[in-house]
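Each in structure tokens, the structures are laid out below.
Next come two complexes built around chain A: one with chain B, the other with chain C.
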Partner chain A sequence: MFGRLVRESFVRNPRRKVLVAAALVVGMAVATSTLTIALEVGDRLAREFRSLGANLLVTPQADTLPIEIGGVDYRPVNEGAYLSETDLGKLKTIFWRHNILGFTPFLDVPATIQQSENSDPILAMIVGTWYAQNVSVPDGTSFKTGLSVTHPWWKVQGRWFHDDANECVIGSALAATMPGVTAGKVIYVTSRSPGDSAQGQPGTTQAIALKVVGIVSTDDAEDKALLVPLAIAQKLSGHPGQFRQLFVSALTKPADTFSERDPLKMTPTEYDRWFCSPYISSISFQIKTVLPGTDVRTIRRVADTEGRILSRVGTLLWIVTLAALGAAALAVAATSATTVLERRAEIGVMKALGATNSLIAGIFLAEQLLLAVAGGAIGFVVGAALARSLGASVFGTPASPRLILFPVILGIAAIVAFVGSLIPLRRASHFNPAPILRGE
Partner chain B sequence: MATLVQVENLRKEFGNVCALAGVSFRVEAGEWIAIMGPSGSGKTTLINILGGLDMPTSGQAIVDAIDVGRLDESGLTRFRAQKIGFIFQQFHLVPYLTALENVMLAQYFHSSTDEKEAREALERVGLGDRVEHLPGKLSGGEQQRVAVARALINHPKLILADEPTGNLDEANEETVIQLFHELHREGHTILMVTHAPSIGRLADRRIAFAHGRLVEVPASLKTSL
Partner chain C sequence: MFWRLLWKLLRGSSGRLVVAILALVSGAMVISALLNLEFDIERKLTQEFRMLGANLVISPGHDAQINGAAPAALMNESEAFAAIQSLKDPAVVAAAPFLYIVERAGDTPVVVAGTKLEELPELEPAWRIEGQWTPSHENQIPCIVGRNVVRQLHLALGSTLLLSYLGKTTQATLVGIVDAGGAEDNQVFMGLAEVQRLAGLPGQIGLAQLSVRGTAKNISEFAARLAAALPSYEVRPIRQVTEAEGDLLNRIRLLIGSMVVLILALTALCVLATMAALAMERRQDVGLMKALGGSIARIVTLFMAEVGVLGAAGGFVGAILGIELSRWMGQRVFGTAISLRWEIFPLTIALMVAVALAGALPLRLLGKVKPAVIFRGE
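Our next item is the complex of A and B:
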């Protein structure tokens, strides 16, 4: 009987049902598309974070005005200051240590490369760095870091060098100019800074034999360089235990107006809040305290602003979704209020015959639920299509539909239909059958 | 005979309109009572209170040992489903349900549906060949017979009929009154509001109202035929 009542009440007044369903379709379509895009935004942000790699660059303070042309540092090697390798473990002791995902020191040495002891020397930059180095942290633990963490997008053909071996990885552009050099070949490198020993310690003038183990493409200046373990570059340049630049990969919170304020002008509570938020500015500040005499700069600012825009888009989408759902609920409320009024007589008769309020509410709710399922399903399809085209115009690639949203949308549709019917149903349950039966 | 209905000093006010101004009477089980009186004298108000559709302002209305005035809303709902069979002047069938379904609806609200029993009830009011008809396809008399079948289906203690023939032509009135005769003979307790003296005379007893009070039954109605 219940099914029969619901069915009968469902097929009656199809125009109004279409209206309710249409309101639900529109609401759910908007919800589907905005949720799809919001998920896309989230994914993109996460991907952005993952591919972000290093986002901070630490350099000695004296070294802030580089003379770099085409990726080549034209200053004499010893002109700038150096940083000490032994301090690096302290990075894992700052307040936001867990947000420090990795760091990689770099030391550039101008050098010559020879394919054999007697062949013509080629001028090239040697870049000493870590691939996956164990760093001991003052708290007694150790931490593995290097290019593998901070520069995940650098692709190597062959393999990376071992940090403690006489191995090297050659930049793809440099490899192109040295046809004979392939993985497995041994080459010889010599420091090209004979006259600089006035200020620094003299680098070794001995050629070091290194085995090429891979060819790297970085889409960066390193494509023209030879990448070697840091220790070897230190030996070549005569700066043991030192490096010039440090790339740090830190998980940060997108900057906002608060993070851009001057910490020195904050009240103590504001300062605490700032210090305890993983803003780039607060993490930079904390890095500077453990590595004194350094400058910390943000790199890949583009990603940062993009992240900010995306999170704002996300907020906007939530507002639009809520507004659409609210409008749908209002439409449902308006139509079901009319329905309830129109069917007052029938409700009165059923009550006189002993129908309980919950039974009458159940009939209406079941009907609304059917409408919600229909409207939600259609709305999902429409919304998925909408997300495709919207995604295409917002991100350049269409946002793919997410089936996981389907039950969510149906649930939301049911809630909207339910909430929309609540007030009319309350009214129906307060109907007094006596006046209805006398025809008032 | 046991007393089924006991009304004690019953009052009902709507704002400052006094629909019932202290009414007392009893109805024994199995009696057929005609309630008579001019328009606005409180007949429907009394029926509604006895049927649990309205609450008295003061006084008591006891039906089958239940003080209707003390029931809460869900109690009233259960009371209506279990104890009362209503028959209205306007039939009040659910328009989109067939005759059979209208009868089964009352079963459903009472406990559970039983199609066979519902069919038998319709056969008994002479509508065995109309079970699948919608109310709109039935004549007034047929609709009222469906309503009678619906009122009887749950074996109510008390049948309350508010001008059941008020909307019927003479021929249909005759059929419906015939049904009431049969119900009475089977031992049902019936309270029936009517304006027609000819119908009032058929009942065991007549209760006359005027301005919300019981009055002396007019001499013209005293003798049953």
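Our next item is the complex of A and C:
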């Protein structure tokens, strides 16, 4: 009897159900898409923030003071400590290896540049680095990294050098002082690697012919330098397989008071939690472990800006999501209330025929529940599609639907439809059938 | 007569009216809160992005000769800063001159940057400092030292740093240790005048760094104006900062914006549905009025006035509540209250009236209502 009453109500007057169902579908679609985006946005934005470049800087621990102005190290090549290139693959073996998006080694060598074999030499900085180098990882795979990942704002006119070719890219300011140097021209780079004075060895002179393939503009000191593949800078400096600085770009979680604590003073459980969270402090600790003898520093400007904005946008988005849920609840509740009020005559007839208040409430709530399940399911599908296109338009890649949200959305839909009809049902229980049936 | 009817109508259907008013008020509240947030978010976020430090550099220009470690070209300090001050732009958060020289601390060469120490905290808010930015004693030369220099030279807060440059020496007191995670960790920061004296370059600076608030477009406009005021120097935005900032800002705005639009649409739809239901309930009244000889135009006007009043009242109350809500949100998210935009007030009310009127549109169909059919209850 109960089931028939509910079924009849759907079959006899589908128009009334359409309004509530539509409100449920739209409300739950918005709730689904905002929840999906809110869950995903932290990761997505953190990835976007990597366009700011590296957030960690690795330097040798036992180093002399770099004479560094505007990003270029003016120390002579025989001074200070170096790091070994062969260990770099180990960066992709740390606990948070997938969060290491890229790293680029740098080696600065002072040298002279000549446009032809016998033209006037110009003193300039040679910056050796990688553009897109394949690094072999100890686990047998390889990883492509370099400036293309860590310094995306460096723009080149022409093309970048190949990491294994005798090619170079000239800084725009340097190019301006050397008229006639354009893409395709060959220049000669000479450096004197200083001899070991203790053993009385004379310094050797290294000269290499490089083909200019592009003009780079960095808006930084590199504009006045010549960028060459790392291997060539190593040859010029007489330090094969070595470099001075490593920039690492890592995906991190915003720092909080916990991540700022000294890991040595943590309890074992706290330490495990810290180690297994992608905080910048734990990632730099893990890098230090695989690259012993290094000093891993957080580039504060980048890391702090990122952390602050990520946590603020995160909070903001959760508030907006709450507002979306509130608005969805409001829409469903308002339409549910409307349908109950609309069916006063029906309630009057049922009461006149002896139906108890609880039976009437049961019938209405069962209807609402059915509607909530159907509307919630459709709303979830629509919302997932909405989140996909929203993710695609904001971040370039669509947000993948989260099935875990499906039961959550169904639950929300049921609760909202329930609560929305409870208040008018309470009113309905006070209805006196007689005036309603008279049409008053 | 018109007003009396309107009053009676408003009082008549109290149950339905409560639902409608609730929908209108909460709808208006959500809409005005989110609009307020959306209008202010760009300003708030550009402020946050100033953590990135300087985003504009004035340098002597490209024709300067490149000569190894010693940048030969210099600029005139007063000329550069007079130009910055003449623009009187409130967007300039901080501006500091820099003169770099390589001095010797004992046997160790170290890069010394002459600057305005008091501008540094504003220019580089992300730097961690141990000690103070500015000195407490007048009679000593203060310096802020990068943490690598401190380690290398075995210094501590309060110790004296003896620096020499081409036979001239200076004694500075270490007042702060800076951790920047960059080249600054290897540098010593001192008052500009002292470095100029040591270098024998009075009134000269190597470059100036500025932190300017605003979107990428604002900043490049400001850079263009500054460049016009300083034709002999080169003014350029630091691309790493401005480009990434502009891109991120756009994405965050787009994200929040699209969610706000979704919620606005949902809220409007909810109010629309409630108002439509309210209107359809009036079929009996319409039948009666029509039977009594009321013209359709008059009847529709009456109902439109009713929902219009409802919309305006709901919008008014909702907008006030919404502005309170956005204040709370601003406090919660950014730590500072969101500045109020008064144009949101009329905008919300107008939006609510429009939505309410749109919800009453089905009433136009009542022109076709035949009183007899309605009275029979069909």
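Just so it is clear, the second predicted complex is superposed on the first by the 235 of 440 C-alpha atoms of A that agree within 3 Å, B and C clash if a C-alpha of one lies under 4 Å from a C-alpha of the other, contacts with A are read in each partner's own complex, and residues count from 1 in each chain.
To be clear about the criterion, a contact is a pair of C-beta atoms (placed from the backbone, for glycine too) under 8 Å apart; a residue touches a chain by one contact, two chains touch by 3 or more.
All figures in this text were calculated on a predicted structure; none of them were measured in a lab.
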Which of chain B and chain C A:Ala352 touches, first, second, both or neither: first
First (chain B), second (chain C), both or neither touched by A:Ala434: first
Partner chain(s) touched by A:Glu8 [first = chain B, second = chain C, both, neither]: first
Dominant contact partner of chain A by residue count, chain C or chain B: C
Touched partner set for A:Val313, first chain B, second chain C, both or neither: second
Touching partner for A:Arg297 - first (chain B), second (chain C), both, neither: second
Partner chain in contact with A:Lys224 - chain B first, chain C second, else both or neither: second
Which superposed partner A:Leu330 touches (first chain B, second chain C, both, neither): second
Residues on chain A lying within both footprints (that of chain B and that of chain C): 439
For the chain C and chain A complex, residues of the former touching the latter: 15-16, 19, 22-23, 26-27, 30, 33-34, 37, 41, 45, 48-49, 51-53, 57, 62-63, 65-69, 71, 100, 102, 108-111, 124, 126-128, 148-149, 152, 179-183, 185-187, 236-241, 243-244, 247-248, 251-252, 254-256, 258-260, 262-263, 265-267, 269-270, 273-274, 277, 281, 329, 332-334, 377
Chain A residues touching chain B - in the complex, by the definition given at the top: 1-2, 4, 8, 12, 345-346, 349-357, 359, 432-434, 437-439
Residue ranges of chain A touching chain C (in the complex, touch as defined): 19, 23, 26-27, 30, 33-34, 37, 41, 45, 48-49, 51-53, 56-57, 63-71, 74, 110, 122-125, 151, 153, 155, 172-174, 176-177, 218-220, 224, 297-305, 308-309, 312-313, 315-317, 319-321, 323-324, 326-328, 330-331, 334-335, 337-338, 341-342, 386, 390, 393-395, 424, 427, 439
Interfacial residue positions of chain B with respect to chain A in the complex: 44, 48, 51, 53-54, 73-74, 77-78, 80-82, 86, 88, 90, 92-97, 101, 104-106, 108-110, 113, 150
